[in-house]
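Shown next, in C-alpha cells, is the structure this report addresses.
Read from first to last, the chains carry the letters A, B, C and D; within each, the first residue is number 1.
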Amino acid sequence: MINEEVHDALPESVFGIDLENDKYELIYIIWSHSNRLLLQLRVSLEGERPEIESTCDIFPGFEWHERETREMFGIEFKNHPDPRLLLLPDELEGAFPLRKRFQTDRSRLDETGITPPKTPTRTGGANQ
Amino acid sequence: MVGPVNGGVMLQFDFFTWLAGIPDWIYGILQWIINLVLGVFYWAWGIIEWLWAMVFSPANFMFLFRAVLFPGLIFVVLTLIWAVWFTRKLWGRIQDRRGPFHIGKYGGLQLFADAIKLIGKETIIPDNAKRWMFRFLPCLLLVVVLLPFCFIPWDFDFWYISDLSVSLVLVFAFLTAVPVVSLLAGWVSGCKYSLIGGFRAANNQFAAEIPMIVSSAGPAMLAGSLSLMGIAQAQTSVWFAVVLPVNLATFLIAAIASVGVFPFDAPVADSEIIFGWRTEFTGIYFTLTYFAEFAEQMLYSAIIVALFLGGPVGLPFLPGAVNFTIKFIITFFFFVLVSSSFQRLRQDQIVHYCWRYLLPLALLNVIFAMLAIVYLPELAALLPLGGP
Amino acid sequence: MSPNILDEAIDVWFGPQHVSAHGWATKLTLVGDYIVKCDPNAGYFHRSAEKVLEYRTFRQGSLVMERMCMLEAFLAEYPYVAAVEKIAELEVPDRAKVMRTIMMELSRLHSIQFWWGQFNAELGFFTMALWPWVDREYSLDAFEELTGSRHTVSFSTPGGTRFDFNEKVLKQINRAVKRFEDRLPKFRDMQMGSPTFRARTKGIGQYTAKQGLKWGLSGPPIKACGIPMDLRKDAPDSNLAYNLCDWEVPITENPDHPGESDALDRMEQRFKEAETSVEIIKQLLPQLPEGPIIDAKARAKVNRLPAGEAYGRVEGTRGITSLWLKTQDKAQSAYRAKIRGPCFASYYALKDLVPGAKFADFIVIFGSLDPYPGWWDR
Amino acid sequence: MGFFSVLGDIFKILKHTFRQVFKRPFTYFYPFEDRIYPERTRGRHIHVRQNCTACAQCVRSCPVVAIRIDKDDKMYEKDAALYFDYTRCIFCGHCVEACRFNALFHTPVVDLSEGDRRDLIYGPDKITTLEREPFEWRGRRFR
C-alpha cells in the first residue's frame, strides 16, 4: 500500500538490530523525493530464527538488503526470490556474524601483539 | 690360381699363390678407400664452392645483403623495435605522461630489456589448449606478417629485395591470413575470452577487407600494374594521394580496422575480454604476437606509402630509401595518433561503419579517377598509361 | 526465451580477477554476443565494517566510514559524524560548516574526475582516461595541504573539523578549480563530441525513472532521468552550509526519451554535477567566516554518549550515502551501525538492466552507474 | 547523423591529441626527482623523548593499536620507549593529536617500504631519529 500512495518511493535500506536474548528489530527505510518524506518502519521480532514476509515483489530494491539481513542475523524472509548468501563466504553459513553472541576468532590474538581490551564496557555492552 | 698346375695332387688350397695374392688384394682395398675419401672430399669441396659462390659472388652477395641486412630481416626487426618504442613514447606524451625512461638513454633499451625478459619468462600452456598448435601458431603469425616486407619498394634501382608482377595481390593474400591465424590461436588456447577474441578478429577482417582492397584497386588501376614497384614508379610525376585522396583515407581507416588498433579494437578489447585472442600467450609466444601486431601496423603504413605517397619518389638529393623511410615514419606517426584518440567500437558497429561508409566512398573515388582519365587527356599524360 | 536457446548458452564469469571488474564478480550467460542472464555476486570486498564500527570509539568511527569509499573521503565520513553530532547534540561552528561544505564539493569534483578516467578506460580510450586524472592531482594536492593525507583525509570529527584552512590550502583549491574550468571545453569536445563515444553509449542501459527508483538507485543515475532528487536541496543538513549559496539541482532532460536515461545522459549529468560543484565552491570561498573550527565541549561529550538513535545522510557522488546509528547509555562505541551505500542498488540493478544487451556493452552499462565495491560489500 | 559534422568532430579530436603531443608531460622521474610535500603530511612519526611523559594517551587513542609502550625503558627521568608497528599503522594522526606534551610529530617521509615485515616495527632507536642507511640504485643516492 505504500508504493501506491507515494509514487516515487525509494527503498533505501532494510536492516536488523540484535537486542540480545533473542529479541530482534527490523527497520525499513524508504525515502520519497517529491514530498520530502523519510519513512522508518520498525518491526520487532522474537525467537531464535524469526520469520517475516518478504517485500521483494513490492520493492525489488529490498531484495539484496533482505538477503544480507538474513545471512547476518538469521531472520528468515518467506518466499524470497533467491535466498543465497550475499556477502559472507560459504563457511559462515549459519554463524550470523552481526549477532551480539558472535565472537570473532580470537585464537591468534597473541600473534598480533594487541593487548586485549581491558574495560568490557568499551565494546558497547557486548559480553566478551 | 688353384688347380692342377703344380703336378701334385690337386690341393684343396694352394697356400703359396694365396700368399702371393695378398699384397695386390690389399692394394686393391687401399685404392678403393682412397677413391672413396677423395670422392667425399671433392663432393664436400663442391658444396663449399657452391656455397661460397652463392654467398660471396658479387651479385649473390649483394642480394643476400639486401635480403638479410638493409631492407630485409635485420632492418625490419630493428624498425619493429623502434616502432614499439616510438608508440610507447608517443602514447605517453599524448596521455600527458612520460614514456619508458629508465633503461637506456631515452628508454631506448627498454624494448630490448622487455624482449629478453619476455623470452626468459616461462611459457605456460593452459591444459585444455591444443598443445602443439598452441606452440606453432605465434611463430606462423610472425612469419606471415614479416614476409610481405620483401615486396615493399624501398628504392627503385638497387635497394629493394624483389619485385613480382603481382606483388600487391600476394601482399594482400598474406595479410588476409593474419586474422585466420588469430582466430585459430583464439580457438586453440582453450579459454572463453580468447575464443570470443578470435571471432572478433575474424569479424574485424570481414568488415575491413573489402573496402581496403577496393581502395587499393585505385592506384593499381592508375598505374596499370599490380606490382608495388610498378605503382611506385608510376608516381614519379604526381602522387596518387593527390589524384585519389578519398582512397587514401578509406585505405588508412580499413588498415586500422584490420590491424585491430584503437577505434576498431574489438579483438584486443582489454576491458571486456582481457587481452582478446592473445590472453593465454606468455613468454616468447607473447613477444611474437605482440611484435606481430606492430609489424602489421608497420606493414600497412609501408603499403600506404608505396601506394599513395609515391614510395621512394621525393627530395631528389636524398637516396630513394631515405625518402621512403621519412614518409613511412610520418604515416606511422599518424597511425599512432589516430589509435590514441578514439573510444572502442563494438564489433557490430565496426562492420556497420566499414560497409556503410568506407565501401561506397572507395568505389566513388575509383569511378571518379576512371572518368577523369577518359575525359581529361592531360591528366592521363601525367600517368604512364600511354594516353592519347 | 525458448528453452533450446539456453542449452547453447555459455556462462562467462566477469570474475573478480577480470581487468575491469575491480573486485566484483558477475556470471553472464551469453548466447552468441547477447547477454541472456546476469547474476551479480557481491562479497569480495566485505570487511564487515558494521561489526568493526561496534568496536571503535565515536572519534575513531569516521576512519572506518571514510574507507568505504576512498574517492569521496569527505563525503563518506560525514554520515557517521552527522549521526554522532545528532545524538550528542553538538553545535558545529559556522567556520567548520563552510569548510566542510567546500571540501565535500571539492571531493565530489575529484571523484567525478576519477570516474571520467575510469569510464573512458573501460571504453578503451586511455588518452581521455589520463587527462582527467591529471586535473584530479590538483585537488589531491589541496587535500594533502589541508589534512596531510591525499585519500584517507579524516577531516571532520564530531563537533567540527580537525584542521583549519590557511592561505596555502586556499591557493591549492583555487588552482584545482581553475584547472578544471579551463580544461572543460576541451573535455567536452573530446568526450561528448566524439562520434565513437556517442555510438557506444547512446541507448545503452536505458531505464525509466520509475524502474530506477524501484531498484533503489539514487543520485546521478536518477537525476539523469530528469528528477531533481538531491539531498542537498531536499533535506538541507544543519551542519552544512548549502543554504549560504544559491544553486539549483542539475538534471539532464533527454528530448528523445523524456523520462529515461542512458549512458550518454549519465555522462552529461556528471558534466553538469561537476560544474555545479565548482560553482558552489566559488560562491562559498569568499564567505568563509572567522572563528573556532570545533565545538569546545566536543572532546568531552563524545567520549560517552547518551542512549539514542540517529540517521546521518549525505548526497554522495554516487547517490544517497547514509548511516543509521544506535547507541546504548554511557557506551563508548556504537551499539549498532548500518551503512547504506549508493552502489548497493546500482550493482543490484544490473540483474534486470543488462539482459538483452551485447557482451561488449555490459561494462559500459555498469561503468555508467559509477560502481565502487566499497559501498556494496562494506 | 550528419556525416560532415562527424568528420568535423573527428578532426577536432585529432587536433586536441596532436597539440597534446608537444606539451610537457605532467609526470616527473620519481626516484630521481620528487615533489615537495606539504608540511602537514602525515608520514612516519618522530618521537621526541625529552617531552614524553609516558602518559600512553597515544596508545589508547590509536584505532588500530599500532603503538606499544615500554614504560621501564627510560632515557630521561620520566619517559617511555614507543614501538611503532608500521604494518598496522593507518597514519590517521590521532596519536599526534592526543599527545598534549608534543612529544610525537609526523614527518613528510612516506617511502617506508622494507624487505622484511619485522623491519617495519620501529623500535625506540629508529623512531627517535630521522636518518636511515642510504639507498643507492645505479650509482645514485635516493635516501
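Definition applied: a residue touches a chain if its C-beta (ideal position, glycine included) is under 8 Å from a C-beta of that chain, and two chains touch if they have at least 3 such contacts.
All figures in this text were calculated on a predicted structure; none of them were measured in a lab.
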| item | value |
| --- | --- |
| Reference chain D; chain at largest CA-centroid distance | B |
| Comparison of C-D and B-C by number of C-beta pairs in contact, larger one | B-C |
| Most central chain, judged by mean C-alpha position against the global CA mean | C |
| Inter-chain centre distance, chain A versus chain B - centres from mean C-alpha coordinates, in Å | 64 |
| Centroid spacing, where centroids are CA-atom means, of chain A and chain D in whole angstrom | 38 |
| Chain centre separation (chain C, chain D; CA means) in Å | 26 |
| Geometric centre distance via CA averages, chain C-chain B, whole Å | 51 |
| Touching two or more other chains - residue numbers and ranges from chain C | 127, 134, 190, 194 |
| Multi-chain contact residues (two or more partners), chain B | 94, 96-97, 340-342 |
| Per-residue multi-chain contacts in chain A, two or more chains | none |
| List of chain C residues in touch with chain B within their complex | 10, 12, 18-20, 33, 120-131, 134, 190, 194, 196-197, 199-200, 358-363 |
| In the complex with chain C, residue positions of chain B that touch it | 91, 94-97, 192-193, 196, 262-263, 265-266, 269-272, 274, 340-349 |
| Touching residues (chain side chain A, partner chain C) in the complex | 7-13, 15, 17-18, 27, 29, 31, 33, 36, 38, 40, 59-65, 85-89, 97-98, 104, 117, 121-126 |
| Residues on chain B engaged by chain D in the complex (per definition of touch) | 90, 92-94, 96-98, 101, 337-338, 340-342, 357 |
| Chain B contact footprint on chain D (complex, rising order) | 3, 10, 13-14, 16-18, 20-23, 25-27, 29 |
